[in-house]
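What follows is a pair of complexes built around chain A, which joins chain B in one and chain C in the other.
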Partner chain A sequence: MTVTTMEGALPARPSPWASRISVAAVYLFVVVLFLQIVRDDTLAAILGLLLIHGYSVIVLLYWRNLERSAAGDKAIVTLTLVYMLLAVLFWDRFSALPWSTFFGLFVVQAVALLAVRFWKNLRKAPPTAWFGMVVVLFYVMIAATAPIVAPFTETEIVGAEYEPWGGQFLLGTDNLGRDWLTRLIYGARNTIGIAFVTTCLAFLIGGLGGFLSAALGGWVDQILGRAVDVLMAIPSLIFALLLLSIFTNYSVFGLKIHPMVLLVVIIAVLDSTRVFRLARAVGMNIVVMDYVEVARLRGEGLWWVITREVMPNAMPPLVAEFGLRFCFVFLFLSALSFLGLGIQPPTADWGSMVRDNATLITFGDITPLLPAGAIALLTVGVNFVVDWFLHQTSGLRDDH
Partner chain B sequence: MDKILKMVAQRLALGLLTLFVVSLIIFFSVQLLPGDVCQEILGQAQTPETVAACRRELRLNLPWYERYISWLFGILQGDMGRSLANQREISELIGKRLGNTFFLAAFAAVLSVPVALVLGVMAALYRNSPFDRIVNALTLSSISFPEFFVAYILILFFAVQLGWFPSISNVSADLGFWERIYRTALPSLTLMLVVVAHMMRMTRAAIINLLASPYIEMANLKGLTRMHIIVHHALPNALAPIINVVVINLAYLVVGVVIAEVVFVYPGLGQLLVDSVAKRDIPVVQASCMIFAATYILLNLTADVLAIATNPRLMHPR
Partner chain C sequence: MTTETGRGAKGDILLTMRGLKIEGQADDQWHVIVHDIDLDLRRGEVLGLIGESGAGKSTIGIAAMGFARPGCRITGGSIVFDGIDLRAASEEEKRKLRGARIAYVAQSAAASFNPAHKLIDQYTEMPVQHGVMRKAEAEAEAKVLYRRLQLPEPETIGFRYPHQVSGGQLQRAMTAMAMSCRPDLIVFDEPTTALDVTTQIEVLAAIKDVVREFNTAAIYITHDLAVVAQMADRIMVLQYGHLVEEGIAREMIAAPKEDYTRRLLAVRSFRKQGQAEIDRDKPLLRVENLSASYGGTVMVLKNVSMEIHKARTVAVVGESGSGKSTLARAITGLLPPLEGRVFYGGEEMPPALKQRTPEQLRRMQMIYQMPDTALNPRQRVRDIIGRPLEFYLGMRGLDREERVRELLTMIELEPDEFIHRLPGELSGGQMQRVCIARALAAEPELIICDEVTSALDQLVAEEILKLLQRLQDELQVSYMFITHDLATVRAISDEIVVMLQGEIVEQGTKDEVLSPPHHEYTELLLSSVPEMDPDWLDNLLAKRAAAS
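Our next item is the complex of A and B:
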């Protein structure tokens, strides 16, 4: 627990019990709400209880590292209550989709926790960073609660083709008569979700490879380094197209690889080369530190050195890189989908939505630009946040 | 001077080696397919004839090293085999399209390099002014835009609403130069908007980086104007990184044309590649990938060599 001496000396804090009781009340409310939602389904109720329990354990464990204040507690409780209020107001939608309801609640509380934890830094953020954070939050919320927010289901054909805006279909319908707004909302979930998974995989491969390379050196470093050099010599879009054309319908042990898995793996591998470079460079500077030497002398193994010594100290540049890589993967994935080689129909996806309805643009209709604009807005948002983060952590300034 | 020649020779050798390894990868990644490669590629669409044609095209009757050597020498001599989809000579398919693609990339480069350099120098000159901030925010946004978004916005404004340019750039060999420029205006503009941002930011960063050095302070103390300092003192020394980023962006342009070509239905190599991937026409995919990769590698190599050649410390050793 990090409490500065000044704050620790201040007696003005409200009793911790007040906030604890209010938090407990919120959780009780959650349980009751959930039991109501799933009263017909015992298994879902049990799973839900486990989920809540596990989640509250995580929250409470994290609580200890939290610089708590009454304002922070209030923020969390208020946000949760607002969400509850929404759930009560739109009871039909929320109660029909308990999982999305809970996912949404999870996101709300996680965001509130993070905001309270980093409030001191956040307060000084420039307007561009605030804009970025609001945009990212908005997208994450939409993605989490897509089925609740969307008026129809993802692939449902609800009307004639290319219906105009307004009326029953807020943004009209697409080339097959599916609701645009619904597709847009589900597109957020699919495109962002897949890009996120891909980026995580790329960081797993690249980060591990880079740290291994830095920690072991010698021939492992040489082999990995040269392999990455060669992979990076081929432009990634071209390489991805080559691999996609070869491995579509590829089967391992008689099992067909799902096209989505193939897509994720190919992009992750191609993208991990950049992560590798960064992780290796950062790791190189860390493994020569005295404390790593000490750990090695103490007899710690390779895994310990990588996970306990190198990784925690390499975090800030890697986190910033995660944002940038996510943008890149996101754009890359959309580009592939736009070319018709990415996420396959009928899954709603922003890139392929532009492609399928592009003819509308030549009639002066801007609807197909909406998903493209959505992609642009999210990448701009993430870039703004990363820009600010980099500025903060590295003192990267050009005012000399 | 010897040192430079030696370094350049080293880079060239390394580049050729990379090119060789890349050709190995492009050729042999197809052989990773388990079982009969041709049946695997053709899948549902196979008939005995198509399988036989595919085997002939991929030269499956030869041992792997002969196969590779004959493929590589074929490409070097301009003979890339036949397409699986329509049995036409690949070199014939690629020939004109390659010219079109290079034309588009060159056009975009001619548009974007001066704009990027001027904007970069201006932003460095008026650092932290509203102009600098606006240009910065704009370029950061335009880096984040997907290319097809930029392309369709341009179509919406310049083709649909204003009607200045055609929304489809169908060019053929018999077009005059200016007609060709007119038809490729929108795709080039798209590409320009995509690469200018990066080039401009790098130019700005390179110049600002130099402004911290002692000789700039000296020039300042002498009472020179900011414009004079930047153009006469900072720019020549920032040349190496700037040339580097320009060439790297040119390399990006050659690859980045793929999306622009698809949006504007421009008969270039990128479109052919995308179509062939969809049809799983492996020989065409391999040949176009090889061309793209070779261009990319050669341009990057040029960037390396130019960076060495424009480094004042190496050019004028003590």
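Our next item is the complex of A and C:
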């Protein structure tokens, strides 16, 4: 019998003064940054301050309900302070791009909160999982603070075409004379961002559909299931190319669909079929449990059954699938960009960067392989994390 | 340490354990789960290991083969089998012993057979593998053993697949398989726990017969003292991995020395005191000519009629497949009946769950057999019990919190300690209590209890029965108590309904049903419940043989 004693007594906080001072410091930092953004616009200033406070309340509420320790508190405070210190040291860059600075702060805090929340599990993570997490975190941080980290701006032509490595341009320039390193960093932001949004959408569609199918059964299940079968019957890359070319010049209520939105929606719909299958299979195993029957016997509606009884128990396999799916979407997106139908220029994107500069390979220059390597590294990292997560939740042990 | 043996004094010492210590891993730490156990077993002797779950009885049984389950390790003591030190022996030596000289019969035969192979092929595998017999010989031998174990059609039954024979037959086929190399020792790990009482008798008789016939030593593991009394020459009572008491079966049953043994012996003595007056004309629940089936042509319920009165307990008894759980599903509307009507408090209930109003649903609650699947593992006790309060009674915030605490106190769980726990942090008995509290939260008049005690240890089960009884006295709820365990029926019921193949074969008050004359089937059920008397099985078999 395992009885957790976590909730019994919360361990003592670090000294109240230390935390008060750090909270005040963070607050000051945020407000100063914020004033950088709004400058003279009073209305925006009021709205923005309200927004900041709303966000703080949410974070604090989560923070209070968190099972945490003094060490965890310290870790969060320290990480935040380190980020702020960096910001103060390089104040010129950071203050010039306050939005990115905000976003970076948000990511740092979110990561710190998550790390503290799952510290019990993290401590036992194998080296491969740590490697994966470090890689993923590195990418996320780069993506979040891309404008600050990158030496130039995304589309700026700064030199001659195909300049070599070194000097002003660390990794040389591309076919139009744009800085490679800058493009690579912005590529992380664009590719990862779009892949993330797409995966989220795919899970929203597929997950909801799958759970509906499992909970309702009968003809709903049949219709959704057959529709998914039809979608899955067509090879996805060809299907995506087809749909992209059909809908590119399509308009809704006289408005042309933004190509990025179109891309995200099409990939999300195609990928949601796999999520649907998984969610349905996992959901099927859960809806036959007695506790779901209890809920039905009580007269609970469909929404309650799906969100309260089925979903929490289906989370572990779905979260793992999210990691894997993210990789596939990411690769798919790069493949589409490589074919010229994905993210459109001049937006930096790893897939199209490989294609645009492919000629260099024939001259023995490996620069075009860097984005490919970046894709590969992230995929490997995410897979390591997912493997570890699956191992954890499936209750497998390391005997023999 | 007793060296005296009962009727098993047929030879030398076969198995000796000294100071056996086994550790198990939980939460990344090693805990001692078997403390310094000494054990002697002579040839031809049957030793009963008894205790509740977690007592370490299966772990000791498996250790007799020199093996520890994954997540367990043997850390101390010696295990000597017929002169061979199993702790020092190599894997290869132990592999030769297992199957050939030591065999194991698991609790769930259905899970232990490979569903892809025929019974006889699985039988012959072991003797052929160990080079004891050739395949043809082994097959002939198998048929002899099948006959000996009173399996129907012994010549051909071996050519069936595991799913084509019944649970009791499968358990006997498993025993035959264990006997195939004529081992010196067989470890029986709860071989009848998953079976109905009437089937249990057949398996017990068969095991007892072959063990005696071949003079095999056996370790018989069970949590049921009455069963072990029939089988064992000597009994060891275990609790939390410690030896509580050891002695010759007859002596121990007649005069237990330790308090724990006495409690185990007394476990079936709980009886309901007094009963509520009933108003014959106004039953709480009236079921009229109910028939139901699971979508097919086979009727699982045939024309069932019964009544339940206020503050009374009606026990519905029958073997698995008798339709007793289906009856509950038909009454609650989970399985809309094909024919018949259900009246509740004088009002006719719509047949399907979806057509019933929340108020109608509130008045009839259900408790399940497996508390661990009946509680959502991701919800805390507060929300599990609080939800019906919110849903039916509209309680929120502090009102709700207070009521949840009241209910927890009512089911004898300390609110401060348990209110924020997850089901995974509760024991089986505590989980079942939470299920009871959840049912009570709706303030129902009738609670349907579907085998609520069969997944629990006997002492825990008794506590639950007492709790249910106390709640009935205090709150005047009625129970429909579905069970296959007649001891439970004796303990808690006012009225009894006996079911067989979807039909009611007998119903009436407890005294009417339990005292003769009985219906033929009731008689069979009643006589099959093991009694503490060590001669009970032999006498019963003799009586049945004489009758037929």
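Assume the second predicted complex is superposed on the first by the 344 of 400 C-alpha atoms of A that agree within 3 Å, B and C clash if a C-alpha of one lies under 4 Å from a C-alpha of the other, contacts with A are read in each partner's own complex, and residues count from 1 in each chain.
FYI, a contact is a pair of C-beta atoms (placed from the backbone, for glycine too) under 8 Å apart; a residue touches a chain by one contact, two chains touch by 3 or more.
Computed from a prediction, not measured in an experiment: that's the story for all the values here.
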First (chain B), second (chain C), both or neither touched by A:Asp92: neither
Which of chain B and chain C A:Val294 touches, first, second, both or neither: second
Partner chain in contact with A:Thr128 - chain B first, chain C second, else both or neither: first
Partner chain(s) touched by A:Pro312 [first = chain B, second = chain C, both, neither]: second
When both partners are placed on the shared chain, which of chain B and chain C touches more of chain A: B
Contacts of A:Phe384 with chain B and chain C, given as first, second, both or neither: first
Shared chain A surface residues [contacts with chain B and with chain C]: 399-400
In the complex with chain C, residue positions of chain A that touch it: 1-4, 7, 124, 289-291, 293-294, 296-300, 308-309, 312-313, 397, 399-400
Chain A partner contacts - residues on chain C that touch it in the complex: 26-28, 70-71, 332, 334, 353, 356, 358, 361, 365-366, 368, 370, 373-379, 387-388, 391-392, 420-421, 424-425, 427, 438, 442
Parts of chain B lying in touch with chain A, wherever the complex brings them together: 18, 21-22, 25-26, 29-30, 32-34, 40, 43, 127-128, 137, 140-141, 143-149, 152-153, 155-156, 159-161, 167, 205, 208-209, 211-212, 251-252, 255, 258-259, 262-263, 273-274, 276-278, 280-282, 285-286, 289, 292-293, 296-297, 300
Residue ranges of chain A touching chain B (in the complex, touch as defined): 128, 229-230, 233-235, 237-239, 241-246, 248-251, 327, 331, 334-335, 338-341, 351, 354, 358, 361-364, 366, 368-369, 372-373, 375-376, 379-380, 382-384, 387, 398-400
